[in-house]
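Take a look at the structures listed below.
Next, two complexes with chain A in common: one pairs it with chain B, the other with chain C.
Presenting the complex of A and B:
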């Protein structure tokens, strides 16, 4: 995992196209969330969405190509967390992914990641090419962090 | 992810402890497939100590369920924690997979 840059808000990391690489990013993000006293259920949701975005980028975007990397930018702010995951693949149309909760697709072995990202984050927005996803999760009140 | 197996007279109990992330999913699928290949088609998975799972892990349960159904067996998921059950319900898989509140209930 290579640190690419850090600015006032975003930490930026670059990882190889291996599924196990996601753990390094997760650990770094979770550590930062814990440091800022985000509650456990919030950590769970952000970790899940990050895992789904990273596995999509590594497996479907970069197609596990060892010559390609995935870039992750995240910002942990007092009221929200922002995640941006970018791969070097051709991109895809998220609207073309079928709803996995319908009877026709319930037995599909894959295709549930975007549904989970949308369910657990407040915003999930793809760029027009479909190789970058930006996600935001807000916290409703600062007091709720103290409860966690 | 830690896995353990308890082979009983009429079924096999598999216990999953910890997180099932994307990198764990293929080894987990291999683990289930090896059991099925060895003739074990009645599987109960104890989820009471599993604290995280991603969509690829859920896909492993779906693949295993499908294979066991075709083999005339079953897959039962026992005792998922509330956050895990929420993920399962979000994906609609509570309508497909047999989920029990506890391991005891799954063994009845």
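Presenting the complex of A and C:
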């Protein structure tokens, strides 16, 4: 895991296309969330969304190609968490992924990752190429921050 | 009597195969493939099993884990078996609701309630 850069808001990490590398990024984000006293339900939601995004980037984006990397940028701010995951694959059209909650796809063996990301995060936006996803999770109130 | 496999703890109680997880997080694709292989192998040896998957202790699950459950349930159903789930933490159960899988699986609050429903 290589630190690419750090600015006032975003930490930027570049990882190899291995699922084990994803765990290191997740741990780093969780450590930062805990340091800033984000509640456990936020930790669960953000971790799940990051896991799904990294899994998609590594498996479907970079297709586990060891010569390709995944870049993760994240910013943990007082009012929100921002995540940006970029792979070096060809990209995809998220609108073309079937809705797994419809009766026709309810028992599909895969295809639930984006649905979970959208449910747990406040914003999930793909770039036009489909190889980068930006996600935002806001803290709703100071009270909810103290709840954790 | 129980058999502890690398990622699963398997036991029989009243002819029900009880599956528990050694890990708190079921997210890794390799781990999920391993779990799937172990359970599929069990099913091939003993088709038509009544199986209770007890999620006690499990803190995190990924979409891949949900997908594995769907696939395994189909395989079990094809052999005439029955599957029930129990002890799913509320924040994980929420993922079942979001994906509407709570309509697919029979989920009980406790192992006791699940046993009573077989």
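The criterion applied here is as follows: the second predicted complex is superposed on the first by the 148 of 148 C-alpha atoms of A that agree within 3 Å, B and C clash if a C-alpha of one lies under 4 Å from a C-alpha of the other, contacts with A are read in each partner's own complex, and residues count from 1 in each chain.
Keep this in mind: a contact is a pair of C-beta atoms (placed from the backbone, for glycine too) under 8 Å apart; a residue touches a chain by one contact, two chains touch by 3 or more.
What you see is a predicted model; the values in this text were computed from it and never measured.
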item: Fit or clash between chain C and chain B when superposed on chain A; value: clash
item: Partner chain in contact with A:121 - chain B first, chain C second, else both or neither; value: neither
item: First (chain B), second (chain C), both or neither touched by A:53; value: neither
item: Chain B versus chain C as contact partner of A:85, first or second or both or neither; value: neither
item: First, second, both or neither for A:101, with chain B first and chain C second; value: both
item: More chain A residues in contact [chain B versus chain C]; value: B
item: Chain B and chain C footprints on chain A, overlapping residues; value: 19, 23, 41, 44, 47-48, 51-52, 55, 59, 100-101, 106-113, 115-116, 119
item: Residues on chain A engaged by chain C in the complex (per definition of touch); value: 19, 23, 41, 44, 47-48, 51-52, 55, 59, 100-101, 106-113, 115-116, 119
item: Chain B partner contacts - residues on chain A that touch it in the complex; value: 18-20, 22-23, 26, 41, 44, 47-48, 51-52, 54-55, 58-59, 100-102, 106-113, 115-116, 119-120
item: Chain A-facing residues of chain B, complex; value: 21-23, 25, 52, 54-56, 58-59, 62-63, 66, 83, 87, 90-93, 95-96
item: Contacting residues of chain C [partner chain A, same complex]; value: 27-30, 60, 62-64, 66-68, 70-71, 74, 91, 95, 98-101, 103-104
